[in-house]
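These notes open a run of structures that come right after.
Below are two complexes that have chain A in common, paired first with chain B and then with chain C.
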Partner chain A sequence: MILTIEGLTKVYGALRVVDDVSFTVPSGDIVGVIGPNGAGKSTLFSLVTGFLDAAKGQVNLDRKPIGSLSPVERARSGMVRTFQVPREFSHLTVWQNLMAATPKQSGESLTNLFFRPGRIREEEDMNSQKVDAMLDFLRLSHVAHTPAGRLSGGQKKLVELGRALMTGARLILLDEPFAGVNPVLIEEIAERIRELNAQGIGFLIIEHDLGALTRLVSTLHVMDRGRLIASGVPAEVLANKQVREAYLGGTS
Partner chain B sequence: MTAYAELMIGGLMSGLVVGLAALAITLVFGIARFANAATGDTMTAGAYVALSVSGATGSVIVGGLVGALAGAAIGVVVYFLIFRKLAGRSSVANLLASIGVAFIIRAIVGVIFEHQQQVFQLPLVRPWRILDIRVQPSDLNLAIVAVLTLATVFLILYATPVGRRMRAVADDPGLARISGISPTRVMIALWALAGSVSAVAGVMYGIKTVVTPEMGWDMLLPAFAAAILGGIGHPVGAICAGILLGTIQEMATPFVGFTYKLAISFVVLLIVLLVRPSGLFGRNEGAR
Partner chain C sequence: MEAYLVAMAIITAIYVLLALGLNLQYGLTGLTNFGHVGFFCIGAYTAALMGQIGIPWPISFLAGAALAALAAWPLGLVSLKLRDDYFAIVSLGFSEIVRIVVTSEQWLTKGVQGITGIPKLLGFLGTGLTQSLAVLALLIAVNVLAGLANRRIVRSPFGRMIEAIRDNEEAVKALGKDPAGFKIQVLMLGAALAGVAGGFYAHYIGYIVPEQFIPLITFYVWMAIIIGGVGRISGAFAGTLILMIFLEGSRFLRGVIPFVSEVEMASIRLGIIGLALVLFTLYRPQGLMGDYTKR
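And then the complex of A and B:
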C-alpha cells in the first residue's frame, strides 16, 4: 500500500500550518516525520487521514486520490491511525477492544443473533483465536480481561496498534507512539513495529523524540513551521545543518 | 404488616415497569446520546398491539410477543425516518424531535385503536395466600416476563458481537467509526432493542392497569427519573432505580396519599443526586 502526499497545504488565517508538503511512503516501508512542537506534524496526519480538509494538495493511496473519502472510508481502505493521547474503548476489556474492531461480523445484526446463532458462534471462535494470537504477539495476554481504561499509557498504545491491525490495516499511522512511554516498553513497541514491518505492513510515524525513531525508519522527513526542510536516511538528515538549527537549536 | 407486604409487591411490579422503560431510555441515551421522549408512546403502541392480537388469538403470550416485535419495528422505522437524519445534531434537537415522534405515535394509536380505555381480557384467578399475604398469580407471571426480558437484554449487551459493538460506540463513537464499526448497523440493533423493551414495559403496565393512549406518556417522567437516578447510560442502574422508585412510591402511599406518591419519587431523586450527582451507579457521563 503506497501513500503519496502531493503539495499538501493547510492554512489557518495567515498561518500556513502545513505548507506544500510532498513525500511518499513506499509499500511496506517505515517512514518517520520529526519536527519541533508546532511544526505541523499532527495537522499533516489529520489531513492525510481525512480528519481535516486540505486547502490545497492531494493524498493518494495506491495512486488513487482519496481526498474525497471520509476518515471511515480511508480507514476501511486499509490506512488506520492511532492517536497521540491513546484512545481506547475504556470500559471494554482489552480482548473486547480487539474483538469489536474485527471486520465483517454477521453478529452485527440482531436478526442473525436469533436466526443464525451457529454461524455467529463459528465466527466468534475464529475471531477470538485471531485476537488471542494478536494479544500474544503484543505481549498483552496477561491483561486480556482488564478494562482497557485501566492500562498504562504504553499498554494503551499497544492496544491501539492491535486494534488497527485487527481491522486489517496495511498502512498504520502512529502519532507519537513513544511519547510518555517508559524506556523498556519503547523498545517493546519498536520491536513489534519491526516484526510487523517484516510481514509487509507499512508505517508512517510522527515523533518528537528522536532516539527510538531514528533506529526504526528508513526515511526521515523533518518539518519546521509547516514546511519540509529535509528528507533522507536518518544519519544524513540529522547531520544537516538546517535541521540542527531548527530542531536541536544549533547544539549537537 | 401484611398490608405493607402487599403494597411492596405492588411497588415491585410498578418498579419493574418503570425500570424497563428507564432501561430503554438509558440504552438510547448511552449510544445515541439523547433523552428519547418517544419511549412512553412506544410503550402505548406496544400495549395496544398486544391487546388487539391477544384479543384475536386469545393468547396474552402471543399478544405480548407481537407487541414486542411491533415495538422493535417502531424503533427501527423511527430511526430511519427521523434520528438517522439527525445524527451528529445536538442532543436538544434530537430530544425535541423525539417529542414530535411521541405525538405522532400517539395520534396514530388514537386513530387506529380509538380513545376509550380498554383492558386485557384475563381469566379471573383467585390470589394465592402466602403467610396471609395475597399474591396475584398474574404478578408472578409478569415478574417472570420482566426477568426474561432483562436477561435477554443483558445477554445481548454483554455476550454478543452486536452488544460489544454497541458498548464500543457508547464508549467512543469516533473511535468506533474509524475502527470499522458501522454506526448504522449498531443503531438499528439499538433501536430495535430499545423499542421492544419499551413495548414489553407497556404491555406489563397495560395488564396491571388499563390501556389508554396517554398511558405511556404518563410513565415518561418516572422513567426519566429512574434513568437519571440509576446513573444515565447505565443499564443495571436504570433497573435498580426503577424498582427502588416504584417500591418507595407504593410504600409511601398510606402516609402521603395517592396524589403525592409521584412527588415522593422526585424527592428521593433529588436527595440521591445531591449526594451522588452521577446517580446510583454512574461513574461519569456517557455509557458503558
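And then the complex of A and C:
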C-alpha cells in the first residue's frame, strides 16, 4: 500500500501549520517524520487520515486520490492511525478494545442480535482467537481483562497499535508511539513494529524523540514550522546542518 | 394503604422504562438527551387518542413507540453534527416543541384541557385493587423484557461498539467504524421505550394534559440513572426506586415538620433530591450499582 502526499497545506489564519508538504511512503516501508513541537506533524496526520480538511494538496492511496473520503472510509481502505494522546476505550477491557476494532461484525446489527444469535456467537469465538493471539504478540495477555483506562501510557499505545492491527490495516500511522514510554517498553514496541513490517505492513511514524526512531526507519523526513526541511537516510538527515539548527538546537 | 403502594409501584415501573431508555442513550452511548420527556409525551398522546376510539392497547402502545422512535430519527441526525453539550440543548428544545405542539393543536389534543376519559388498562377486571395489581404485573413483565433486551444489547458486539463510542468517538472513526448509525439506532430505541412508558402512563392516570410533560420529568429520569449508576441496567431499576422513595417519602415529612406550607414543602422535596444528587456525585460518582472496585 503506497501513500503519496503532494503539496499538502493547512492554514489557520495567517499561520501555515502545514506548508506544501510532499513525500511518499513506499509499500511495506517504515518512514519517520520528526520535528520540534508545533512543527505540524500531528496536523499532517490529521490531514492524511481525513480528520482535518486540507486547504491545498493531494493524498493518494495506491495512486487513487482519497481527498474526498471521510476518516471512516480512509480507515476502511486500509490506512489506520493512532493518536498522540492515546484514545483507548477506557471503560472497555483491553480484550474488548481489540474485539471492537474487528471489521465487519454481524453482531453490530440489532436485528442480527435478536434473530441470529448463533452466528454472532460463532463470529465472536473466531474473532476472540485472533484477539488472543494479538494480545499474546503484543505481550498484553496479562492485562487482557483490565479496563484499558487503567493501563500505563506505554501499554495504552500498544492497545492502540493492537486495535489498528485488528482492522487488518496495511499501513499504520503511529503518532509518537514512544513518547512518555519507559525505555524497556520502547524497545519492545520497536521490536513489534519490525516484526510486523517483516510481514509487509507499512508504517509512517511521527516522533519527537529520535533515539528509537532513527534505528527503525529507512527514510526520515524533518518538519519545521510546517515545512519539510530535509529528507533522506537517517544518518544523512541528522548530519544536515539546517536540521541540527532547527531541531537539535545546534548552536554547539 | 395497599392501593397507595400499588399506585406508587406502578409509577415507579413506568419510570423504570424511561430510565432504561435513557441509560441506553446516555449511560451506554454518551448521548446527552435532555428531551426524554418529549418521547414520553408522544407515546402518551398516541396511546390516549387511539385508546379513545377503541383501538386495543397493544396496538396503540406499539404505535406510540413507533412514533416516538420516528421523532427521534431527525434528532439523531442532528446529534451527529453537534458536540455533546449542544445536543443537550437541542434535545431539551425538542421536548419543549413537542409540548407546545400538543398544547396548540387543539383539534387533536384539546390543548390545555387535555384528553380525559382514557380507558383503563385491563378494564374487564373492574376498577379495584385487582385491576391495579394486574396492571402492575403487566408493567413488571414489560420491565423484565426490556431489561433482558437491554442486557442482550450490552453484552453484544453492538453494545461494545456503543460503549466505545461513548469512550472515544474519534477513535471509533479512526478504526473505520461509523458511529452515526449506532447513535441513531440507540436514540430511536430509547425513544421507543419512553413511548411505551407514555402509553402506560396515559392509560393508568386516565387523563393527560401538556403540563404533565415538562422538562422536570426528564431530569427526574436523569437523577434516577445517576443515583443508580450510569451505564448499569440494574442501576436504572435501583435508581428509580430510590428516587421514588425520596420523592414520596419526603411527602410525609410535612407531618413531622410544622409550619411548612404545601408549596414550600414541594420546594423542600426538590431541595432534598438535589442534595442527594450532589452527595452522590461527590461520594459515589459511579452510582449505587456501579463497580464497587472503582474509586
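Here is the rule we use: the second predicted complex is superposed on the first by the 250 of 252 C-alpha atoms of A that agree within 3 Å, B and C clash if a C-alpha of one lies under 4 Å from a C-alpha of the other, contacts with A are read in each partner's own complex, and residues count from 1 in each chain.
One rule holds for everything that comes next: a contact is a pair of C-beta atoms (placed from the backbone, for glycine too) under 8 Å apart; a residue touches a chain by one contact, two chains touch by 3 or more.
Please read these numbers as outputs of a predicted model, since none were measured by experiment.
Participant: Between chain B and chain C, whom does A:110 touch in the aligned arrangement: first, second, both, or neither?
Facilitator: It touches chain B and chain C both.
Participant: May I ask you to decide whether A:129 touches chain B, chain C, both, or neither, giving the answer as first, second, both or neither?
Facilitator: neither
Participant: Where does A:91 make contact in the superposed view: on chain B (first), on chain C (second), on both, or on neither?
Facilitator: Both partners, chain B and chain C.
Participant: So which one touches more of the residues on chain A, chain B or chain C?
Facilitator: Ranking chain B and chain C by residues of chain A touched puts C first.
Participant: Touch check for A:182: first (chain B), second (chain C), both, or neither?
Facilitator: After superposing on A, A:182 lies clear of both chain B and chain C.
Participant: Tell me which partner A:167 touches in the superposition: chain B (first), chain C (second), both or neither.
Facilitator: After superposition on chain A, A:167 lies in contact with both partners, chain B and chain C.
Participant: Using the superposition on A, tell me which residues of chain A are in contact with chain B and, in the other complex, with chain C.
Facilitator: In the superposed arrangement, which is not itself an observed complex, chain A uses residues 49, 71-72, 75-76, 80-81, 87-92, 96-97, 99-101, 103, 105, 107-110, 113, 120, 123-124, 163, 167 for both chain B and chain C.
Participant: Can you list the residues on chain C that touch chain A in the complex?
Facilitator: On the chain C side, the touching residues are 149, 152-153, 156-158, 160-161, 163-164, 166-168, 170-178, 182, 185, 189, 231.
Participant: Going by the contact rule at the top, pick out the chain B residues touching chain A in the complex.
Facilitator: 156, 160-162, 164-165, 167-168, 171-172, 174-182, 185-186, 188-189, 192-193, 288
Participant: Within their complex, state which residues of chain A touch chain C.
Facilitator: 49, 51, 70-73, 75-76, 80-83, 87-92, 96-97, 99-101, 103, 105, 107-110, 113-114, 120, 123-124, 160, 163-164, 167
Participant: Quick check on the complex: what are the chain A residues that touch chain B?
Facilitator: 49, 71-72, 75-76, 80-81, 87-92, 96-97, 99-101, 103, 105, 107-110, 113, 120, 123-124, 163, 167
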